[in-house]
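Each of the two complexes below includes chain A, the first together with chain B, the second together with chain C.
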Partner chain A sequence: MTFLALNAVAKTYADGTIAVHGVDLAVDEGEFVVLLGPSGCGKTTTLRMVAGLERATGGSIQLAGKIVTDLPPSQRDVGFVFQFYALYPHLTVRDNLAFPLEAVGVPWRERAVRVNEVAAAVGVTELLSALPRQLSGGDQQRVSLARALIRRPRLWLMDEPLGTLDAAVRASLGAFIHEQQRRHRVTTLFVTHDQEEAMQLADRVVVMEAGRIRQVGTPTAIHDAPRSRFVAHFVGSPGMNFIPATRTAQGLCLADGRHLMIHNAASTDVLGPVIVGVRPQWLQVSTDESEKVGLVATVVLDEYQGDHRLLHADAEGLRLVARIPATQRHALGARVILVPHAEGIRLFDPHSGAAL
Partner chain B sequence: MRFLIIFGYALLAGLPLGWLVLTSLKPVAATTSTSLLMWPGIDFIPTLAAYGDLFTGDFPRYLGSSVVIAVTSTIATVLLGTACAYGFSRFPLAGSKDWLFFILSTRFMPPLAVVAPVLVMYRMLDLPNTHLGLIILYTAFNLSLAVWLMKGFIDDIPRAFEEAALVDGYTRWQAFWRVIVPQARTGMAVTAVFCLISAWNEYGFAMTLNHVHAVTVPVWFAGLQGNVQGVPWPTIAGGVLVFVSPIIVFTVLVRKHLLRGVTFGTVKG
Partner chain C sequence: MRHRLGWAFVIPTLLFLIIFNVFPLISSVVLGFTNSELTGGSWEWVGGRNFSRVFNDPKYAAAVRTTVLFTVVAVAVELALGFILALALHRDFRGKTAILTLLLIPMMLPPAVMGIYWNFLFDGDYGVINQVLHAGGLLAPPQWRTDPGLKLLAVVAVDVWMWSPFMLLISLAGLGSIPKHLYEAAEIDRASRWMVFRRITLPLCAPLLGLAALLRATDALKQFDLVMAITGPNDASTQTLSTLLYQVIFSNQRVGLGAAYACVVLVLVIALAIGVTRALARMRSANAGQAV
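Here is the complex of A and B:
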């Protein structure tokens, strides 16, 4: 059942800048949806419009069957987690947590009980008497999560809550958010520019670019079946490689006359120039000169990653990255042949960038 | 070296105050002596007569007027200034830069230049010789300073705090009082010190407008100098000391805030 619906929601600033061009999105009850995109793509603006912190200049927002487009934030019953925590610096952790309850007139006896409850749930019980500035970043964000939880809102909105934390804290807090969300089944809209974070947390990922939604789908769908070059490149670490080629009846033909892949085109395929997309893990690196198919390239960089290596190679100005086993070594400057695995090949239109 | 400079400056600043203390303790005759009478008990016999005269006379009443006028106008200025600065800081007002410049421009003119029109206006409104008259005037004059000072402080308070309060279920007005004001305390203390000092010491308007009722201490001091029995220097000195002490006490009380003025402005708190 749709819980949150955005219908052609748009935002144009007073100076004429268009931050969001009519976004449509339907989020089911209990779903964890991640808005993913590079900075300036309108994801945070979209989130803030759902919260009511930013006024939509077009379209409508429906929350639990009610149009909330023009309601102030206080009447939307949402919990918001800010990137920089935004804990009230003059209040102790206890008072910070009680603050939202006070707004809705919860009697103080019950407030105390609920503060203790939620503090225990996020593991900040010993910190209740501290002031925010005495806490580490991770702890501040825990408190901030607790503050967003305590009123038991129907919708959680999170604006890059893990963005400023260091790696270890980020991983543990990310898992914590995931767990809390699964336990309470609170509908969640989560903004991030980190695609790994998006993959880990989301039921569905919404990829945004330049104020528009580019693709909505499960993490697997976004990763394996990107609908455009933008999504293909933005998602995945590193992103997809792109190789210009020509689709002929015999297969994919490269500019130097070699074949990237040999197969018979299906009768429905349009022949002509295409962009071939291959993720680094689908590129095999071979030194066998007799290899018939594949792209000839020179090794320019070898990045050791612990359990694998990222081999950067140059094919006449075209930079490609292959993910290879950590044990496989190639000297810098060595001539290699990059052979794509048939399963990993995606084709894109050279002009529109849309998936074929 | 640093010690020497500080010591020298302290001496220079403290000397007049010290001399005031001495004068307030002298008998009247000793204050007009042409020789340097420095040592109480040796050069002159110290007496508290001046303070006795001060507090049995009208001085407490004048002091009362000064307190009512300065404190009320300071509170009004700080509250109005903070609310106004919040508006300028947070909302896209049409021509807000021009408005701010206009507010500042009210300080361009020397206040005494408008004494005459103010006097005429006040007469029509029956405001001369009232506390209210000076309160309104001081508030109006200090408001520009308050708005500019407070705008700087409020600009430094990240919006995320009030946005958090908004989603936590508070109205904009509640968010202002519960979240912004507590964090603007430093700025409000600084502004209050400036406004209080300016209102407390103001002489020009006070002298022109209030010479019968609601007379403030500076006006009374000035009046004493035309005394037919000769200028009562010890009483004036004593009065000055009593008069400056509340300001010193207030400044010391808010010192913590004044010094903290530089350390805030980070979202992480």
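Here is the complex of A and C:
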């Protein structure tokens, strides 16, 4: 059942800058949806419009069956977690947590009970008397989460809550958010520019670029079936490789006459120039010169990653990355042949960038 | 070697301090135990007689009362007015810079000139204020400069006019330093406007406002020029400690007695200065690490 619906929601700032072009999105109750995109893509603006911190200049927002487009944040029943925590610096953790309860007139006896409850749930009980500045970044964000949780809102909004934390805290807090969200079944809209974070947390990922939604889907769908070059490149670490080629009746033909793949084109296929997309893990690196299929390239960089290597190779100005076993070594400057696995090949239109 | 070089840098300042601060301080304390006169001539040690006179002098007690009353009322009104104006001006609108510049002019002008200027406005018969009150239907407008109950009020009014803009400026700085996302968080938390003001705006501005009030208070305790210009130094209803000192030393030419008065004032001011320093230190520790 749709809980949150965005209908052609747009934002144009007073100076004429268009931040969001008209976004349509339906979020089910209890769903964890991640807005993913590079900075400036409009994801935070979209989130802030849902919160009511930013006024939509077009379209409508429906929350729990009610149009809330022009309502202030206080009438939307949302909890918001800010990137920079936004804890009240002069109040103790206890008073920070009690603030939303005090604001809606919960009697102090019940306030105390609920503060203790939520503090225990997020693991900040022993920090209740501390001031925010005495806490580490991770703990501050825990308190901020607890504050967003305490009034038991029906929608959680999170604006890059892990963005400023270091890697270890990031991972544990990310898992914690995930767990809390699953336990409370709170509908959640989460903004990030980190695609790994998006993959790890989301039920569905919304990829945005330049104020528009480019693709909505499960993490697997976004990763395996990107609908455009932008999504294909933005998602995955590193992103997808792109190789210009020509589709002929015999297969995918490269500029130097070699083939990237040999197969018989289906009768419905349009023949002509295409962009071939291959993820690094679908590229095999071969040193066998007799290899008929594949791209000839020179090794330029070998990045050791622990359980694998990322091999960067140059094919006449085209930079490609292959993910290979950690045990496989190639000298810098060596000639190699990059052979794509048929299963991993995606085709894109060379002009529009749309998936074919 | 390094130590000697260090001293070379410190000595000029040290000499300056000794000549212009320490020496006059000691000499004025010493003077307080003599019956020196302004015209010079012979003098004698009189022991603690000057000091016992100070504490038994009703004019001294009255001057302390007047000074404290003036300080408390003027600073409180300036603080309140400045903060309220700051709340009104703390947003962007056309002509904001022009308005702020205009408001700051009184602060830049010499108080003696301001006092004389306001005398014209306050004048009982042809002053603008009373002309307006008269035109407004008030048949017997208040005599600002002669009514003993109103004279101090007139001095306070001019001081408020001069110094409220200072409080406004400090308040604006305080309001501007509160991060915008705290207000957004409060909005999400459903706080009413009154709660936001009471629980966020006011407490976060308070340290700065307190500091400004203390600074203004140390200045107001020395009130001299406005009183001199508006009523003269020897008016029972407006005589402050500074004008009393002036009266004793320059009009009555009793330097020894005046020095004793000054010593007692000094003790009061030092007490307040310690208060300011402590408040400053507390504020600094309270604000440490509050940058985010």
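Following the convention adopted for this analysis, the second predicted complex is superposed on the first by the 356 of 356 C-alpha atoms of A that agree within 3 Å, B and C clash if a C-alpha of one lies under 4 Å from a C-alpha of the other, contacts with A are read in each partner's own complex, and residues count from 1 in each chain.
In this text, contacts are C-beta pairs under 8 Å (C-beta built on N, C-alpha and C of every residue); 3 or more make two chains touch, one makes a residue touch a chain.
All figures in this text were calculated on a predicted structure; none of them were measured in a lab.
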Superposed partners chain B and chain C on chain A - clash or fit: clash
Of the two partner chains, chain B (first) and chain C (second), which one does A:Phe84 touch, if any: first, second, both, or neither? both
Scan A:Phe99 for contacts with chain B and chain C and give back first, second, both or neither. both
Please indicate which partner A:Ala51 is in contact with in the superposed arrangement: first for chain B, second for chain C, both, or neither. both
With both complexes overlaid on chain A, does A:Ala14 touch chain B (first), chain C (second), both or neither? first
Going by the contact definition given at the top, which residues of chain A touch chain B in one complex and chain C in the other? 51-53, 72-74, 78-80, 82, 84-90, 99-100, 103-104, 133, 147, 151
Once bound in the complex, which stretches of chain B touch chain A? 92, 158, 160-161, 163-172, 174, 178-179, 182-183, 267-269
What part of chain A is in contact with chain C in the complex they form? 51-53, 72-74, 78-80, 82, 84-91, 99-100, 102-104, 133, 147-148, 151
Along chain A, where are the residues that touch chain B in the complex? 14, 51-53, 72-74, 76, 78-80, 82, 84-90, 99-100, 103-104, 131-133, 137, 140, 147, 151, 157
For chain C, which residues are in contact with chain A within the complex? 179, 181-182, 184-192, 195, 199-200, 203-204, 288-290, 292
